[in-house]
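Reviewing the structure listed below.
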Amino acid sequence: MLAEIKGINEECGVFGIWGHEKAAELTYYGLHALQHRGQEGAGVVVSDGEVLKAHKGLGLVNEVFKDANFAELSGRVAVGHVRYTTQGGSSLENVQPLLFRSQAASLALAHNGNIMNAHQLRGELENMGSILQTTSDTEVLAHLIKRDGQDTTTETIARALNKIVGAYAFLILKEDKMFAALDPSGIRPLSIGRLGDAYVVASETCAFDQIGATFVREVLPGELVTISDAGIESERFAIREQRKMCAMEYVYLSRPDSDVNRVNVHASRKRMGMELAKEAPANADIVVGVPDSSISAAIGYAEESGLPYEMGIIKNRYVGRTFIQPSQELREQGVKMKLAPVRGIVEGKRIVMIDDSIVRGTTSRRIVQMLKSAGAKEVHVRIASPSIQHPCYYGIDMSTRNELIAANYTVNEICDIIGADSVAYLSEKGLEKAIVKDKSLNQGICTACMTGNYPVKEQGQTPVMVTH
Amino acid sequence: MLAEIKGINEECGVFGIWGHEKAAELTYYGLHALQHRGQEGAGVVVSDGEVLKAHKGLGLVNEVFKDANFAELSGRVAVGHVRYTTQGGSSLENVQPLLFRSQAASLALAHNGNIMNAHQLRGELENMGSILQTTSDTEVLAHLIKRDGQDTTTETIARALNKIVGAYAFLILKEDKMFAALDPSGIRPLSIGRLGDAYVVASETCAFDQIGATFVREVLPGELVTISDAGIESERFAIREQRKMCAMEYVYLSRPDSDVNRVNVHASRKRMGMELAKEAPANADIVVGVPDSSISAAIGYAEESGLPYEMGIIKNRYVGRTFIQPSQELREQGVKMKLAPVRGIVEGKRIVMIDDSIVRGTTSRRIVQMLKSAGAKEVHVRIASPSIQHPCYYGIDMSTRNELIAANYTVNEICDIIGADSVAYLSEKGLEKAIVKDKSLNQGICTACMTGNYPVKEQGQTPVMVTH
Amino acid sequence: MLAEIKGINEECGVFGIWGHEKAAELTYYGLHALQHRGQEGAGVVVSDGEVLKAHKGLGLVNEVFKDANFAELSGRVAVGHVRYTTQGGSSLENVQPLLFRSQAASLALAHNGNIMNAHQLRGELENMGSILQTTSDTEVLAHLIKRDGQDTTTETIARALNKIVGAYAFLILKEDKMFAALDPSGIRPLSIGRLGDAYVVASETCAFDQIGATFVREVLPGELVTISDAGIESERFAIREQRKMCAMEYVYLSRPDSDVNRVNVHASRKRMGMELAKEAPANADIVVGVPDSSISAAIGYAEESGLPYEMGIIKNRYVGRTFIQPSQELREQGVKMKLAPVRGIVEGKRIVMIDDSIVRGTTSRRIVQMLKSAGAKEVHVRIASPSIQHPCYYGIDMSTRNELIAANYTVNEICDIIGADSVAYLSEKGLEKAIVKDKSLNQGICTACMTGNYPVKEQGQTPVMVTH
Amino acid sequence: MLAEIKGINEECGVFGIWGHEKAAELTYYGLHALQHRGQEGAGVVVSDGEVLKAHKGLGLVNEVFKDANFAELSGRVAVGHVRYTTQGGSSLENVQPLLFRSQAASLALAHNGNIMNAHQLRGELENMGSILQTTSDTEVLAHLIKRDGQDTTTETIARALNKIVGAYAFLILKEDKMFAALDPSGIRPLSIGRLGDAYVVASETCAFDQIGATFVREVLPGELVTISDAGIESERFAIREQRKMCAMEYVYLSRPDSDVNRVNVHASRKRMGMELAKEAPANADIVVGVPDSSISAAIGYAEESGLPYEMGIIKNRYVGRTFIQPSQELREQGVKMKLAPVRGIVEGKRIVMIDDSIVRGTTSRRIVQMLKSAGAKEVHVRIASPSIQHPCYYGIDMSTRNELIAANYTVNEICDIIGADSVAYLSEKGLEKAIVKDKSLNQGICTACMTGNYPVKEQGQTPVMVTH
């Protein structure tokens, strides 16, 4: 929800399970844990070994599944997906997993990420007479596989993956096999777990905790995992590169209880707050975090700085889709929306306000104003990540470059714009220190949106490098 | 939501506004801030000086109002209500404000509390030939007023209030006047604020903050306030008694950003945690609060004890009404519902787990187990309020006595039952110290559910006093 | 539906059953057969001998009952109601049967008709301190009964009925008795039937056929029938007068398969057509009826005149509530709504167009134009009832007097206005001949809307007699 | 609706319009007139010359379009479709018009009929690597066209049509052209009309009357019509054969006000009744038709025989999708469903009961029983078409052969089974006489389901010829 305010949006979350009587039901719970990664649509495709059946819909997981008949979704194998989309409206056809039926063998795909050369591949396929049904990049992979022969095998998938450029985590299901694939730089997260004898694959480990499964290992960059009744097998479809896990997964996107590439997110955020306290201390009375995603960092800042942590901002839990936005007139009269200040806490205080990031700056300005009109004497904004100055091509729907406040203004100007008494960002070094604990575990991160260093480039359409 | 798990439920929240062009819309926002006090139904009655119009429905405020046409709800005066009810089903007729039309003068009522002698009064009214339409206690007051003459005046209301026994905060609206009344012991909260020239009355001050209004004063115990275009007037319909504000408003029910009887709720909870740390220290590594209501107390405990506060339990924000409860079988296999442990935090730790209260004990047991199976070495449960051993007759739908774990077991037995390593409650003295800051402000509290000392008794049906 | 076009609307239909295990379900089917008498709301109240339970809603019977749980509506006794209303919107509170609960004995009422002195009685009740919840006339009767003592008996009902003036058929239910009452002139229909050992009461006999019950007898004017496990008893609460059954029940309102006061409606309509053919022959090629209500009369006209009956106008069965009305522009371009001409039939023909009545004349004009633009050479309009010139005070929501075309124009003027080649109405004598077959059966009719002879008048508020 | 009882179901209706500002709205009204041809889904695709936009949904036309925003469906060209389907459930993907987008040129298809070699063509396409998204035969045509080159032209369509075998009426839309095609035997109906300067194409002429358009001509067997801003052009993609219009269109499927292949349906049905009266007279008192589809034939029978036509069976207009079917127990007690006898008419009478066809015989038996238990002395069943003994391969979802009563029993046996006093069918000669008025107009009919003479056969899968 804050996502909408901020303008940072994850595209998707994927979940798969192999070998459990209640595969569809467990997928429901798994997707539930991944709900924060996409609220526009959800779905499951289940296989009983012979037929693939789908249940999909627009809306939250609960809405989509409230009328689901799990008895009809029988089968020991399932893949699921939650989707964020900006294309709005009647995009039911784009809700994943995409299911492609044929007389020979059916195929379902669930995808988190972004295929950079999708437009070009789509044109090539259409020129050969293929008809694509969705506007989703994901469908391109299905056609690449099918054009390579009727059967879907490790080989046809690997060849198809080698034609696409981008950041991706794929789950692919046919009647008797499930495949999991990660892009060569490992930009998107994908983990493997076990629940009794069953295998589980998910975008975040919080989905394992949700269903009582335990973490086994990460899917590796450039790895294609095949799961069947014969067990689990691994192929490498690309040279293993240095992992470049998206730093925003730690900063904002993932759930605090997940371990992303074996680093706990809450703990990494708390360390970001601690690093920030070291780098940018403030002469203040209390530390206040912007709920929900900045609470961990705020606690870290408080602990390191010795200042008391206080609940100076409260979030209304009942603001939902159907909330009637106050008119401009009422907003000016003081009607609040999602966040409200706790006057009894902030009145007369010098506040360190911790937020995880600033995108356009509008939300930050509103929160600073809100604190000040509730009586805060000073508001020192501390951002627990480096400033975002570059667009993301790897699956995060971020604002365009001319909307990014840090791409257009200096820190001092931003301080003026948002009306704070001081502003400071965590350094890139500080961020890395907070996240990467064990280099031997290949815990590198992608900071392209902060630094402009893009680890993956589409041929001929190289992302523009911006120098400051 | 946690309410459902715990079995503590507030009956209602009321909101009124006099003298603003956007009365109905502001009531919508005000009710939104009070949503936590009742999720089963909501409504507004607006007066344009001549006609009372109602918009009511079952469900959350957002659901009820999503189809509302505010243009049709024109008028400068409105009262609103959010309702919690256990009577379920087709209880639309019981959704408040109740609106009674007549050829002479109409009447609307919004009520938070409980009328203890409602059953007896209802029988008397029916014997005289009156027909009551709802099963709501609130309707009784309307009939008492109407039986006293067609017009609704300060006098007829005062006479009617003197016939009822209980804890209540009433808002009463006729075409050209609004009345606010509080029971003689002031058990339920009710505050007066201003928004420009308009008057606002609400169960909690967070509703003032939501719409940009400012707090003026409390409605006093036994006071009947009359608001009209002539301004605000005060009558006393009962002798002023020592205020006995419901302690559970601080412990659990009210929003942390509200000031209840001029005491900030978050701050009082933090002090409960601090007192608890003094009274019942624990040999542990980290402090963890059960979200959401126990976070403030946990931070207080951490600050006082010097132990780090950690986010060891996470709450899934997307569990809603339509969440499909996992079957017993899946729950046993480890499928989680609303709360999940953060394994990366709790593993190998000795934990102080702070909760605000224990009602039946089932939830506490589940959370302790959850922490232990996520690897917690020890779990020391600390409850930031005294144990609940007695039923509430004043408007909180608590479990019956034989369900109250503390009414049937000693602290040691409870510790065994919930599987904790130690259990301790805050003392009554500690609770009072945390809440009551200024005796001169008449800040007494009702602790009947903890102590059995009932400040208000129905004649002949005195609440049973239980001695241990 | 045609009702909306015409402006003649029945207020309601009632159904009751005593002594069948499936009382609520059979009421559903009975109401289904009465659906044409009211499409705005429906409901049932069922008694299991101890408690009255209601299921009510806005919309068609199917819509209201699609989520009904008949298992919860257990009981061997039920009354039901379908409602037509012009008050629109959120009138759920007015949907009948009205159910009044009390600690002593509950009471449910279902009503078809109109209480002429309701406003005055309501004022008197309110002055005595009663609160009325609905804007429905029916509630007045409940208060009159309850004011007379807590228990509802034959005597209290009879006394209450004697206070009201109007045309009515009432079904009254308490836990252990059902009452059926008809106004002293018997203006509205109400029949008694049997289904095995069970008693059934309904506005029309088609409800008996629907459930397989058989007709026993009419409820008599001024009769109060009491049904209980002791059997059926009859009281007379008013002097028996000459029956004055509403003639419009035969002309338009009732279903053709019903027997109204022992006269089959289809057969009476066919005789109206035959009488019309004798009184007003036409030089024409074919006879065409306006569907659905005029088909019987058209067949009668054809049979008597020897002209062939043809399906020259067709009615679209799928035009429903959600049909999007064509804009004025599209209508002018020829887009049709509910009725369409059959060009292959009417082209080049001289047509006798049979309709049952003309209210405002707008529909007749539209149909004549439609036939002519489909190629009809001549259109001779023949109306199978006398012209409507006076308002109805007995429960039919007809247009007001200044909207009634026949109250303001001569037959020749009407002919010009609707663009017909000739117009003729059935005479009052012809109507009576077609309906009344057996004077010994007390088969008199009320023709007040045609003649201005009102059989029932409210004291001091006598309906205005109009002389032409 | 009777369709469901009978087991005869038309697959679809199509509608197209070229050159009108309100193309989408007029399509809504046109589809409305075709609603009887399919109630499971409906849709429109509109072109503004550059982009194709779709609005589709499950349910009746009214339901699908009630939330349509016609302002967003702007464009001067549209094709629409109503669909009947037995595949039930979540078949939204199969709702037509199917829309295939591509970077080069999009394509929409609406289809009425059946492609007999669809399964084989689908297999061939999949083997070449195409992915088909629906289970609809219609999609096959799109792939055949697209495989032939990116652009859709008269040539690519003609080549594709020559690969398919079956009965079909197609509307094909691309950004700047609309195509209409009919199978070489002209088994399915398709007519061209004009509305001002606009061209209209529809399955039935009642859609022209609905919007005020006038009939121009039939699309001819084996003709491919191209409509664009340059006007209308005609190509022949197959040798013109003797037209074999589906006889069931006259007997049962089409609306009585439509002209099918220039023969009015109501008039043809009346003539069927007249022929039947000549071929199979009955010693009876009255003629009764089974509503709605047999009324015309009954009037014809009455006129020819001189017996009076009476409304002896009535159809409840309010039985819809949400009607709760009575349990077996209640049905046995006499609870009726859709049809009810008019006791006042049928009691003591010898009845000629006219029906249009018998499929499984269950409905006929039920109606005969119903009439007899309402007191009919004799029931002589006369069927206004020859007996159905063979399955249909041309788009009508009829029962399979072992369900067809006439394929398994003699007329005398059928008479016994349905409990009639006599049964007679119209002869094939009589049917042809009633339908074919002008041989020069190529008015031949397909009577395959009655005679087993299949005009179109799939190679290698020739429909089995059954000889009796």
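The letters A, B, C and D name the chains in turn, as written, and every chain counts its residues from 1.
Keep this in mind: a residue touches a chain if its C-beta (ideal position, glycine included) is under 8 Å from a C-beta of that chain, and two chains touch if they have at least 3 such contacts.
If you want to know which protein each chain is, UniProt gives these names: A, B, C, D = Amidophosphoribosyltransferase.
These numbers come from a predicted model, not from an experiment.
Least step count on the touch graph, subunit B to subunit D: 2. Subunit D has its Cα centroid 51 Å from the Cα centroid of subunit A.
One inter-chain figure worth recording: subunit A and subunit C are separated by 63 Å, centre to centre, where each centre is the mean of the chain's CA atoms.
Look at where the CA atoms of subunit A average out and do the same for subunit B: the two points lie 37 Å apart. In subunit D, no residue reaches two or more other chains under the touch definition.
Contacts between chains close into a ring here, every chain touching precisely two others. The residues of subunit B lying in touch with subunit A in their complex are 22, 25-26, 28-29, 32-33, 35-36, 60-63, 65-66, 195-196, 206, 209-213, 255-257, 259, 264, 266-267, 292, 295-296, 299, 303, 308-311, 314, 316-324, 326-327, 330, 333-336, 340-345, 374.
Contacts from subunit B toward subunit C in the complex involve residues 92-93, 100-104, 119, 122-123, 126-127, 129-133, 135, 142-143, 146-150.
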